[in-house]
Each structure stands twice: as C-alpha cells, then as structure tokens.
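Two complexes are shown next, each including chain A; its partner changes from chain B in the first to chain C in the second.
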Partner chain A sequence: MIIDGSRLVVTDNSGAKEVECIKTRGRYASIGDIITCSVKKAVRGKVTQGQVVKAVIVETKKEVQRKDGSVIKFDRNSAVLVNPKGIPIGTRVLGFVTHELRARQMMKVLSLAARVF
Partner chain B sequence: MQLRCAAHAACSQAATGLAGRHRAHVSNVTWGGQQARYCGSHGSRLQQLSGGSQRRQQCAAAAAALDGEVSGVVDEDEDEEQEVINGDLTRRPSNSASSTTEEEEGADESREFVLAMAKVAWETKGEDILVLHVAPVVYWTRYFLIATVFSRPQLNAVLGKMTKEAAEVFDRRLSASPQAGPGGWELLDYGDVVVHVMTADQREYYDLESFYGAAEEVDLPFDTEATVSDVDTWSKTF
Partner chain C sequence: MLVPLETGPTVARLSAAWQPAGTSLFEGLVECATMVLKTQTCRFSGLRIYPGRGVLYIRVDGQQFLFLKQKCRSLFIQRKRPAKLAWTTLYRKQHRKDLEAQVARKKRRNVTRSATRSVAGTSLEIIAKKKAEKPEARKASREAALREIKERSKKQKTDKAQQKLQAKAAGGKAVKNMPKGGGKVNIR
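This part shows the complex of A and B:
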C-alpha cells in the first residue's frame, strides 16, 4: 500500500538508492504498479538526486494475496526504476521480485532479477 | 543459532543483531504463513523461523506460473529446512507427485517451439540467435531465445512472424501482440519460452548472456554462421 509520500528502496543498479513516491494511480499502489517518484538518494549512476522518474513496485510490507490463497509480504517497500515504457533503467535487479510482475507485463524486470518469488 | 549468507559475511552479523550498519540488509519475507529471513542484498536465506516445509511446498507448487522442473524429492526439502540454505532461491523444491514423463513431454514441446521461433528469427535475418535452456536456473520459464535486430521495421517483422507462427502452428496466443516501441527491446512471453528481440546496443547494455551464464546453450538445427549480414553497422533509428 504505497501512497504519495512513501519512501521506497531502489533495488536495481541504476544509481538511485531511495525514492519518494509522488504520484500513484488511484489511492494505493502495490506490487506491479508503476508510480512516479522523485529520487531522494543516489550514488553515481544513471540517475541523479532530484530527478523525477517512474518506478515499478517490487516489494511491499503490505501482504499481497495470490489466487491459490497464499500471501507474501516483505520487510521493506522497494521499487525498480523504469522508463515511461516500462523498460528498466538499470541492468540488474537486486533483491526480490514476485511473479505478479508477469501478469502486469513486466517480464523485462523479471528477466533481470536474480531472486524471483 | 548459525546464520550465514554465502555472499556477505556482514549479513550474518546483522541477523544476529551485532552489526548496526548492515541491519538493513536483512529482509524478512513472509509467504504462505512461513517466515524466512533473507539477505536483502543477495537473497540467500539466513534462517527459517517456522517449520512445516510441506505447506510451503504446496503453496510454491500452486503459485508457480507454470509447472517448473522437478528438482529433488520431498526428503531433500526436509533436510534443507533444518540447515541454512545459501542456494539459489529461484530453484523451488517440488512435490514428488509430478510425473516425469509428462514433464519430459512438456519440455520436448517447449524445445520444439523455441527452435521453431529461432528459425523464424533466422529467416528474418536476425543475428546472434541464442537459445538458452534456463530451466535449471530459473523456475518461471524453460527456454530463452535472444535475437538481435538492426532496425525497427525488422523488429516489427520478427515479432509479427513469430506471433503468427506461434498462433498458427503451435496454437499459442498472446494477450497483446507487442509492437516495436522506442526502446530497442521487445519481449514475447509464452510461459515456458521467453523470446527477447533486441537491438545490438540494448543487448550489450543489458547483457543477458552473462546474467544467465549458468544456462546451457541449445544447438540450433540450422547453420547460423552461413548468414552474413550485409549491413554490419547499421545504426538503428530508435
């Protein structure tokens, strides 16, 4: 349940470390949603601090339910930076991704991820 | 209680509450009611707090998007649960209930399909066609097909021909047929086969080959060396 103002950890190698959500579609955003963010912390990389970027949420503390009845939740809220077309800006996704992204046509992010749940 | 992360010794310190700076690396993942602690940076499991791997297995088997490879037997999982696992998280312990012959048939069908797609890419003058058998490496698919194209019309052509071939010959349809967008990377997700069609720049940038270096290459039935592209250094107009 990510809202405007939520801070998310960036789990790719784009250079950003932390972003703040500034716009969601609808009230809450969850895994697989693309949100607009402002980069709050960045190291040398493809993005700089203060830049407005889009990101796809990959981990949430709020559990997500699956059709088989299982739920999955993580310890933190994370995102992966993407361009407006949904193509990742970084080249690798560290941390976890779930296969909810597959249903949301985010297979590119999934392909670059080492840990898929 | 021994906690180890193969990749990062600091993570184990964090898990036992010793090192303050690396605490953030530890990630608790709760799934199916079972909680496990993972190194947030590397994904290695540090400790499993609750027992009962069987329910988790059932959730795993049911939740998987497709039937993955049968890897190991049920006994293995019980052992794994006791000890620290530093292995590959994408590999799922499975129920022994799956029949291996069905599995093999499915794998053969996927192989046939991916080789047919590779042929389509080759016929459309795609370069560096690579088929990777990723089933032992990831659970969510079996084969990867990566091909390089040189222009947007060619990208469209490859995608169009592949979707057509898949729909007509193999009766596999996509919910939305992709068109070449401004990024030079398009992806076709057929469940057990994932096709990546990229421009040379994007291929080099994302470097999927090194990421899936553990996967074995599948030999193609046609001779890729025989095709010589006339346009060696055509900069795509993306």
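This part shows the complex of A and C:
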C-alpha cells in the first residue's frame, strides 16, 4: 500500500539506497506495480541522489493476497529500480521477490532474485 | 464467495458450515467424495492452518513465519514465548498433556524369534545346542569355567612369588646392571 511520499528501500545494486515514491498509478501501489520515485539516498552507482527513476515494488508491509487464499507480507517496503520497460537498472537483486512479478512480466527481476516467495 | 482452490490433487470435506446459502455453484460440490487437505502448522501455536487461512510473514533475514491468525502474530511480535501459553501445542507437549495417545503408540512388542540361520561366529548347530541346553547344565559348565580361571590365577600368583624370591637371592650380582637406587653417582 504505497502512496505518494512513501519511502522504500532499494534492494538492488543500482546505487540508490532509499527512494521516495512521487507517483503511483491509482491511489495505492502494491507488489508488482511500477512507480515513479525520487532517489533520496544513494551511494556510488548508476543513479545519483535527486534523480527521478522508475521502480517496481517487490516487498510491502501490507499483506498481499493470492488466488489460492494465501496471504504474504514482508517486514519492509522495498523496490527495485527499473527502466520504463521493466528491465532492472542494476545487475543484482538482493532482497526477496514474489511470484506476483510473473504476472506483470517482470521476468528479468525474477531471474536476478536470490529468493522468490 | 468461496474461491476454488488451484492447488493440486487434494480434496476437501465441505462441511455444512462452509457453504453459502442458496448458491447453485456449490450444490454440485456437496455431493463430492471426501478429500484430503494439506494443512500447514502455525509457527507460534502449532495449530493446523487450512487453505485460505493464515498469513505468511517474511522477515528481512529471510525467515518465514506462518501464523494461523492475528492473535498468534501479535503475540509473536510482542515476543511472548508459546511455551508459556497454555493453549499452544508447545506448552501442551512440554507439560505432557496428551501423553496417553503418545504412550500407546510407542509401546513396542518384544518379539522373540527362533534362530533359523547361522550367524558369523557360530553355526546353526551350536546355536541349537545352546538353546536346548538345560539351565542346570549351563550353570554347572559356568561354574567349572570359573573354577578353572581361579586356579589359573592362583598358579600365576605362586609362580610370580617364586620368581621374586629367586631374584632376591641373585640380588647382589644384578646391582651393576640394574641400579635400583635411582642413579646415585659414585664420586670416588
């Protein structure tokens, strides 16, 4: 349940560490949605602080329901920076991702992830 | 509205409480044969979680916690120990509450089987002979063996005593070769 102003942890090696959501499609954004964000904290990498980037949400504290009735939730809100096509900017995805990305055609992010829930 | 399960080859017993009233979709399913559901267990309480219930909570370190309901999750976040809450399976196990069923299962039957094959070390005939031996005969043979051992040890003792006497008698000759005094240096 990410809205404009939510801060997300970036779980890839693009250089950004924390990102603030500035635009969601609709009112709330959840796992699998692509949001526009501004980089709030960055280390040496492909992006710099202040840059406006797109990111796909991979973990949310708000539960995500699935068709089989199971519910999954994480400990933090995190995102992976992508280009408008959905291909990640970084080369590694360090956090967790879920199968929801499969339905959104985020295959590259899924393949880079260490653990898929 | 109940959602049909996508999970595979399992069947569920749809009890009357599950069916929403008056939906034709489920009248057909009621006639269904009994199925076997795959349930998971709550990480906190140990109770069974049926499909469609429970929440999977994934921590940052990657550990997964499956909770049956908000009660379990809340207590977990408060860092309560399930072993201290009387309604959890962990408590019941620790306080041995459901012991009768466990004990009944664990009773083993000691089955004595007659020897049918020879074993490494003895052949079948020897085993059969030992089995057919009478207890008195066994006792007698055992006593005989013990007596033999006693006599042998006695003999060894007497032999040793004799050897010691002989050594003492020849003691003066042996000093040069075996200084018993612990290496006293003779300064002369």
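By our rule, the second predicted complex is superposed on the first by the 117 of 117 C-alpha atoms of A that agree within 3 Å, B and C clash if a C-alpha of one lies under 4 Å from a C-alpha of the other, contacts with A are read in each partner's own complex, and residues count from 1 in each chain.
Operating definition for what follows: a residue touches a chain if its C-beta (ideal position, glycine included) is under 8 Å from a C-beta of that chain, and two chains touch if they have at least 3 such contacts.
Keep in mind that what you see is a predicted model, and the values were worked out from it rather than measured.
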{"item": "Larger contact residue set on chain A - chain B or chain C", "value": "B"}
{"item": "Chain B versus chain C as contact partner of A:R27, first or second or both or neither", "value": "neither"}
{"item": "Partner chain(s) touched by A:E63 [first = chain B, second = chain C, both, neither]", "value": "both"}
{"item": "Partner chain in contact with A:R44 - chain B first, chain C second, else both or neither", "value": "neither"}
{"item": "Touched partner set for A:V116, first chain B, second chain C, both or neither", "value": "first"}
{"item": "Contacts of A:K73 with chain B and chain C, given as first, second, both or neither", "value": "both"}
{"item": "Where chain A meets both chain C and chain B, residue numbers", "value": "59, 63, 68-76, 96, 115, 117"}
{"item": "List of chain A residues in touch with chain B within their complex", "value": "59, 63, 66, 68-76, 83, 85, 87, 91-92, 94-96, 99, 102, 105, 107-108, 110-112, 114-117"}
{"item": "Chain A to chain C touching residues, read off their complex", "value": "59, 63, 67-76, 96, 115, 117"}
{"item": "Complex contact set, residues of chain C against chain A", "value": "3, 5-7, 51-60, 62, 64"}
{"item": "In the complex with chain A, residue positions of chain B that touch it", "value": "24, 26-33, 38, 40-43, 59, 62-65, 89-90, 138-140, 176, 181-183, 185, 187, 189, 194, 196, 205-208, 211"}
